Amino acid sequence: MATLKFDKEITALLVIDPYNDFISEGGKIWNRLKGVAEANNCVPNMLKVLDAARKAKLRVFYALHRRYRAGDYETWKYIAPVQKSAWLSKAFEHGTWGGAIREEFEPQTGEIIALEHWGSSGFANTDLDLQLKKHGIHRLIVVGLIAHTCVEATVRYAAELGYDVTMIKDATADYSDEHMHAALAVNIPSYATAIVTTNELVEALSSHAPMKQSA
Amino acid sequence: MATLKFDKEITALLVIDPYNDFISEGGKIWNRLKGVAEANNCVPNMLKVLDAARKAKLRVFYALHRRYRAGDYETWKYIAPVQKSAWLSKAFEHGTWGGAIREEFEPQTGEIIALEHWGSSGFANTDLDLQLKKHGIHRLIVVGLIAHTCVEATVRYAAELGYDVTMIKDATADYSDEHMHAALAVNIPSYATAIVTTNELVEALSSHAPMKQSA
Amino acid sequence: MATLKFDKEITALLVIDPYNDFISEGGKIWNRLKGVAEANNCVPNMLKVLDAARKAKLRVFYALHRRYRAGDYETWKYIAPVQKSAWLSKAFEHGTWGGAIREEFEPQTGEIIALEHWGSSGFANTDLDLQLKKHGIHRLIVVGLIAHTCVEATVRYAAELGYDVTMIKDATADYSDEHMHAALAVNIPSYATAIVTTNELVEALSSHAPMKQSA
Amino acid sequence: MATLKFDKEITALLVIDPYNDFISEGGKIWNRLKGVAEANNCVPNMLKVLDAARKAKLRVFYALHRRYRAGDYETWKYIAPVQKSAWLSKAFEHGTWGGAIREEFEPQTGEIIALEHWGSSGFANTDLDLQLKKHGIHRLIVVGLIAHTCVEATVRYAAELGYDVTMIKDATADYSDEHMHAALAVNIPSYATAIVTTNELVEALSSHAPMKQSA
């Protein structure tokens, strides 16, 4: 792998769905993710990446799924399975603890929370692309949940929209190793230019060398 | 599975990348797809679906990847792996046999060819969504290549854009069974409301019952 | 003009920015709009259209501008004049009366509020297109504010996205007759298939004839 | 007006619809544009801007309207007036002189031609946004035709998408002074951060001072 280098003027961290329902003990979907998440050290790694990005003065963006509100789906004529299941589970219910960002991931002043997305991609039907452009961003470092749905979808959209993506493979999780494999080994390699570990990323961000964009 | 029913006023067939380079003997990528394609009876099934859709008077749309032209990528500052590999392989080269639609899939008068896409999704940076709306389409039946890249990407985008998707699982192919599994068993079930065989689809389209949209 | 007919299954009313800051006495921008608005009978006409649409069982959608929140623009590298002026005026400030929908236009159960937009178009960087598709809508009846910015922008986007637009010319307003003329007489005629009065619309919606889509 | 400065790494020239049908003697729409175009010195100014941009090593992009092809509109259920009129006039007919770029504006190697657009905006349903991002562009200098349709639409979309726009007011034209006024005096000032003359732009591009982006 070529040396990882990032120019902070054009690089941002994108944190996907750090909701209590996904990554906190007691969250609605945590039990389905816990096995892979703990084996992968997912939550501590997400925090390490966030911390390193802030220290390196990278801009941080949050892509958040629609928080469930009563009436969201009742009138729809067409609904995708992933939306039907969000409806049934009431995941990330608005105004509840499950629909709050896990405390340690609380956005800070100057960090950008994109409009909530209705499907899996943080870009679809939101202002994420606009916000990235308003801040001059061309490269994204991606962490978060769930690997084969929101993460993969957001990485695919990022590539289709012209962004360069670095995926942090041990700062994500999924229902099973099979799901992780489909996302990280089968699909994301076509869309992310680098797939690295938290440690590799942290080292790259904290290196003393001037952080210039790799050619 | 609920009975498959389609209202032809709002349903279309979407054929993805039926290029010689993908599905004809001698095509640049055919050798990598051949094993799975033949086991799946992919090309004959794609033709059966196309034939049934035309007989049922469904509108037919084609989503086609960018045909390689010299100069396409030289000036890009950012390039996704899937694009770098299209550049290297010169797949679907403009003006060549490999970049032509396989003869039996030639679009007929009244069928719509969307603008060419640069990545994997037939919707990204093209007029496919516009053309579907101009024709009043809300439901898509999807066949074509390659399952885990262009097909999955197009199905994901279709769902994010609000379309209802029926995936024909034996009218696609991929490099390996593992790739097919990631696309058809792991990911597409979250975005397509039905995943059926060619025979199930053909039967649904040719049934004498009035073809009304399912509730 | 051909007889106006609307099929309620595919037609919706789109109400643009009915904020107190725009259309209520005491609103931040009301004084700049008042002259044209009152001459045009804008607010009573908007209400008549809303009432007629609800009676005719049309689905109602709301396109709302970003409510100003502290920190919205400080970090942007690029900002359009229309956004700079929203920043300066703090129009539609979040949590204030000015940023609330005028009371008579309060959305009812089953009506859809799109995500807030950052510029002028109700479609740009929001879920409006998705929500319209999820409800099977192809035709829009448009009322609201301001004619040459948000209304014209939303009409232009609607047309580019494939929607059929009917503009209600006496249910909008602007800073001056010159602005109204630019929007209603110069530009919108290229994008809306009909530009009619409130009375013409109300009559069409309340006609006893079966409301079928015009050919 | 603040001093115009452009960083060539992030600035591009966007040339809109330099078709013979628009700007050449004998073109289908030339007679309707000629009066304003000649008074404005439109075509020579467009050439001066193009020449200055190339000398300053700015990347050049072309936004081109759909070239008319038989069958384009026959199957559409919905059609905007601007499209109906393109259908009637067969403007920019594919394969004809009228649908060719005027000779002096022929794109050179390394310049980018976006996919053709179906309405007025060079961004709608095309790869223009993608191509700009692939080249790292954030600021656009805009010239071309017609002021109140394709030019205004493209400027509006550019602003909604996050681009900074400089409009060259004497390198465009329209049917009448009233149309020019609506575009250049009423609407574009809300979306372009600068509206300048050809001479002001040429001077800015040819200045010896290092071309850095203005704060």
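Note that the chains take the letters A, B, C and D in the order they are written out, and that residue 1 is the start of every chain.
Just so it is clear, a contact is a pair of C-beta atoms (placed from the backbone, for glycine too) under 8 Å apart; a residue touches a chain by one contact, two chains touch by 3 or more.
Remember, predicted model here, so these are calculated numbers, not experimental data.
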{"item": "Any chain in contact with subunit A as well as subunit B", "value": "C, D"}
{"item": "Topological distance between subunit A and subunit C, in contact steps", "value": "1"}
{"item": "Identity of the chain that, by mean CA position, is farthest from subunit B", "value": "C"}
{"item": "Comparison of B-D and B-C by number of C-beta pairs in contact, larger one", "value": "B-D"}
{"item": "Rotation angle (°) superposing Cα atoms of subunit C on subunit D, nearest 5", "value": "180"}
{"item": "Inter-centroid spacing, subunit D versus subunit C (mean Cα positions, whole Å)", "value": "28"}
{"item": "For subunit B paired with subunit C, centre-to-centre distance based on mean C-alpha positions, whole Å", "value": "37"}
{"item": "Distance from subunit D to subunit B - Cα centre to Cα centre, in angstrom", "value": "34"}
{"item": "Residue list for subunit C, restricted to those that touch at least two other chains", "value": "77-79, 118, 124-125, 129-130, 133-134, 136, 138, 160-163"}
{"item": "Interfacial residue positions of subunit D with respect to subunit A in the complex", "value": "129-130, 132-134, 136, 138, 160-163"}
{"item": "Subunit B contact footprint on subunit D (complex, rising order)", "value": "59, 71, 74-79, 109-110, 112, 115-116, 118, 124-127, 129-130, 133-136"}
{"item": "Complex contact set, residues of subunit A against subunit B", "value": "77-82, 85, 118-121, 124-125, 138-139, 148-149, 152-153, 156-157, 159-165, 178-179, 181-182, 186-187, 189-193"}
